[in-house]
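Look for chain A in each of the two complexes below; its partner is chain B in the first and chain C in the second.
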Partner chain A sequence: MDNKTTPEKLLHDLRNQLNNIFLNAELAKLELATESSQTVSREDLDASLACINLILEASNRCSEIVDKLADAPVPDTAVMSQLKPSLEK
Partner chain B sequence: MRANYSTLSPFWSDKRAALSNILIVDDDEVFAETTCKILKKLGHDTAVASSVADARAQLAESYFDLLMLDIMLPDGSGLQVLEACDEAQREAHIALVTGHPSVKSLVKSLYGPNISYLVKPFDLAQLKSLLNRTEEAVPEQQQEASKGAHFGYLVGESAAMQELYQVVERVAKTRANVLLQGESGVGKELVASAIHRAAHGSAPFVAANCGALSKELIGSELFGHEKGAFTGAVKQKIGLFERAIGGSLFLDEITEMPLDQQPSLLRALETRSVIRVGGTEEIPIDCRVISATNRTSSQLAEEACLREDLYFRLAVFPIAIPPLRERGDDIGLLALHFLAELNRDNQTRLELNEEQLSKLGDYEWPGNVRELRHAIHRAFIMSDPGSEQLQLPEDFSSPFSRSSEPGLSPQLLGQTIDEVERKLITMTLDHCKGNKAKTAELLGISLKTLYNRIKTYGDED
Partner chain C sequence: MPKIRYWQLLFLLTALVIILNVVVVIYSLARVSQTQDAVQQARQIMMTIRATYSAIQDVEISERDYLLWNNEDAQQIYRDSVAKVVEGVQRIRTSQYDGHTFAKLVGFESLLMRRLHVSSLDELSFPYAGTPSSLETWSIPENAALLQEIRSTILDIEQSYGVLLSSRNGELEASERNISIAVSLVTTLGVLGIALMYRALKRSLARQQRWETELLQQKQALEDMVASRTAALQFSNRELERSNRELEDFAFIASHDLQEPLRKILAFGDRLKARSGDALGENVDYLNRMQSAAARMSMLIQDLLEFSRVTAKPKEFEQVSLNAVLAGVLEDLEESINASKTSIRADPLPDIQADSTQMRQLLLNLISNAIKFVSVEKTPEVRITANTKLLSVPATLSDQEFLELHVIDNGIGFDSKYTERIFTPFQRLHSRSEYTGTGIGLALCRRIVERHSGELIASSKVGHGTDFTVILPVRHESPDVDTASESLPPGTLLQESNQHAS
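Right, the complex of A and B next:
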């Protein structure tokens, strides 16, 4: 881990990527609603929306995990280093 | 898995979304590009800046209603952009977009409560909520005007409108079909939108004008068609009923629908299902039909422009929308509301004084709210942009204005005094909604005389 790649930075980058997934999924729904409702068959529309909703649900779960990670206490590196030799034995 | 159509709707049904100019300051290209597309879909203008310097340059050249600022930028912090807004963008709404929830409390303590926050990842509902808050942040007279909007659409505090609000609220709790009756320009579509909003929220609201649908294609428009159903049907089409599933279908000028097409509509309403033109499958439709006409009940009966059985299907709950002349108290409120909209859209601060509001209230507005709206718009265009006072024209009259000189209606010529008297009493009774004491007072006769006349008419019939 270099100096710039702190846990906070990783979480920040993760949130940015999740946000892009969220917004693009919402944009896809928006496009379907406004552009395709008259030209795409009902079955295709249902299937596309089901996929998008799955993406959104999965992203929501990821977002909750990110929040838990952010709230979790930082591991004590001193304790970790003490554990490591004992494990090697 | 069945798709939830209610999640599709807010964008085509949300008529409240005002156009805003939004600057997105973020170095994440994908985020900026996607947000731009979404905001454009919602009817807003957008610009993107990827750095503090870029944002400052754009702020110096253009006015923005909303700034969406990322905190961490390549050449500094979004807070530096915030400092550059002090004078030039005094009234812009600021939304800080951050991946750090903790930043929210920190910045709030530094810059006060008038800043919104979006913590990544955020969804469309949060983005729309932010835009609504921006719309709500309107100054003085505009705020006063928007306070009067009931159900997000209806403006007016008169007794007639209070009665209407109660009716809207009641019918919204049911799934009953509604027939809206009112003169041209009273706002039938807005009442339909209000019912829909009160009942279904974000579900689809699909509106169509039956007078504008061609006779040949009306079936296809309402019920959809299958590929190859007729010449030119190159692909399957979903009809208005299907698009409105879960929400409301608004059929304006229902009496303009050709009589020979009305049985198809009746069948759809009775069976609560449609079959696409050229198809065989019955598709269940679960939507409320709100129809509208500018014909009175007696005209509907006399002109036979609507089948009786269809009328009873459509008018499970009929609502009469009062003309503007019957709610004179609302004229000032509506005028202020329309002016506030124009001020907001044009970044102006024109106002109406008491004398002007009184002048507006004195006119009869035969074209109803639509005529008033256009009159305010015309006055707005003609007003001096440097002035703070709206310049009203001397005369509001239009080709449809009623004559100020009361004359004898040509329809009354050739009738006996008894016949005219009977018509006058009946019309006054209707006007007073059956209130006999009020009717007698208006006619200048005693209550006893009125009762005698009514009894005579009953005996004659």
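Right, the complex of A and C next:
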């Protein structure tokens, strides 16, 4: 259990998933490039590698957006509950 | 003794002394008046007696004058003198006299009668027509002796009246002395009272002025406090609005910017899987894991967007049949319910004023949560109970009808120290490998309930299931207006509800 606020936790989760995507895409790329080159046609292999490259490109784009969100002043939902209007002191 | 009692006692004592003195003065004045009347009376009687004695001497002289010198004029003098004697006696009779002198006066009257040779003075009517006694009946020694006796009686009476007057004068002096003392005392007390009253009034005015100043200061302090609280409240409201806006912006950017590359990842992942899935063999898992990660990212973003939209773009409250909402939810969850073999028992639910979509989301999240966190050792059971009750809302100082809804399961439960944490967005008590989900479901539920001016509270024990309590107003004063309970500290309604139940 951590004490991260909502956006921080979300960004953390998003980065985790992005890392998963990167890692698995790279592993799939490596697998295709090495092990599957003999069983798959050249055309299919090129197409598959192009797909993985596009996935990696999209992942990079996601990573940039997540970084941008992390740099921006993000709302703190943990604080939001304390900001609830109240006359109690 | 308190100071006020002391002053009251002093005032009472003073009043008592003054009243007593006034009574003494009144009594003494009455006595003085009585004594003065008695003295006056005594003096008048004395004067009358002397006048009567003088008249009886005139009777003696006129008798002698007539008998010795046969003076006819003496008859008239005789009659006038007798008339004066009778008048004197009658005046004495009508006068008030005390018992002490009564006998002497009766004796005096008797001597007079003897001297005038009558049995009763009443026999001598006016105008008196009698004549002096004849020489045969007239006796100088006897008359002289009678005169002497009358003089002695008069002296005796005078002496008695002298003593009486002296006593009355003593009483008069005593009364006057009493009056002087009482008047002096009353005057002194009056002056003292006025001085004390002046002092007390001055102090009271000073105290009143001090109180007024303090009251003004307190009023000012209260106004300052209210102004400060109002400013703080306005600041909090602005901060809340800003935070909501920022969260919505954040969710929008995250959703809008990330959805497109994520869709690309999912789409190319599907294509890759179709084209090279077989070639990858068991390593197709790389693609599966990649797809799951992308799907989860998408889900996280969707959930955040949904969470921010609870208050950002709400629908107006309308009359909602919770029975219908629950039926729809159970239909949606039918597959999960059957798969987990969960038994669900629900009480009839009332109609309330709410946002129907959000009510559906609330029940869906709570029931799916109950179905998800089941214990392997027990047959899953979910019980939904509802009742309405009047609760006091402190902010509005009035009673309001609330729905108290419980969603109770016999699942794994959780440690009570996490009671609040489970409502924090993206916070999870279990790993994703154990239980699926993004960790926003309960946070979303609480946000929905709070938007409806209600409360959502969980109570749980590890291994014994969880009881989610939802308290919602049955009616809202105006549609989609957050009512008074919005400003209540968390748990107020539940506490009120528990007190009501007990």
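Criterion: the second predicted complex is superposed on the first by the 69 of 89 C-alpha atoms of A that agree within 3 Å, B and C clash if a C-alpha of one lies under 4 Å from a C-alpha of the other, contacts with A are read in each partner's own complex, and residues count from 1 in each chain.
As a convention for this text, contacts are C-beta pairs under 8 Å (C-beta built on N, C-alpha and C of every residue); 3 or more make two chains touch, one makes a residue touch a chain.
Everything quoted here is computed from the prediction, not taken from an experiment.
Novice: I want to verify the contact counts: of chain B and chain C, which reaches more residues of chain A?
Specialist: Chain A has more residues touched by C than by the other partner.
Novice: Let me test your reading of the model: by the given contact rule, A:65 touches which partner, first (chain B), second (chain C), both or neither?
Specialist: In the superposition, A:65 contacts chain C only.
Novice: So in the superposed three-chain picture, is A:55 touching just chain B, just chain C, both, or none of them (first/second/both/neither)?
Specialist: second
Novice: Give one of first, second, both or neither to describe whether A:18 is in contact with chain B, with chain C, with both, or with none.
Specialist: both
Novice: Regarding the shared-chain residue A:32, is it in contact with chain B (first), chain C (second), both, or neither?
Specialist: In the superposition, A:32 touches chain B and chain C alike.
Novice: Considering only touches as defined above, state whether A:46 meets chain B (first), chain C (second), both or neither.
Specialist: first
Novice: Once the two structures are superposed, pull the chain A residues common to the chain B and chain C interfaces.
Specialist: Residues 16, 18, 20-21, 24, 27, 31-32, 39, 45, 47-48, 59 of chain A touch both chain B and chain C.
Novice: Going by the contact rule set out above, which residues of chain C touch chain A in the complex?
Specialist: Against chain A, chain C makes touches at 229, 233, 236-237, 239-240, 243-244, 246-247, 250, 253-254, 257-258, 261-262, 264-265, 268-269, 271-272, 275-276, 279-280, 283, 286-287, 289-290, 292-294, 296-297, 300-301, 304, 395, 418, 421, 424-427, 429, 438-439, 443, 450, 486-489.
Novice: Using the touch definition from the top, list the residues of chain A that touch chain C in their complex.
Specialist: Touch residues, chain A against chain C: 1, 6-7, 9-10, 13-14, 16-18, 20-21, 24-25, 27-28, 31-32, 35-36, 39-40, 44-45, 47-48, 51-52, 54-55, 58-59, 61-62, 65-66, 68-69, 72-80, 83-89.
Novice: Residue numbers of chain A touching chain B in their complex, please.
Specialist: Residue list for chain A touching chain B: 8, 11-12, 15-16, 18-24, 26-27, 29-34, 37-39, 41-42, 45-50, 53, 56, 59, 63, 70.
Novice: Using the touch definition from the top, list the residues of chain B that touch chain A in their complex.
Specialist: Spelled out, the residues of chain B in touch with chain A are 1-4, 7-9, 11-12, 28, 30-31, 34-35, 37-38, 41, 72, 99-101, 120-124, 235-238, 242-243.
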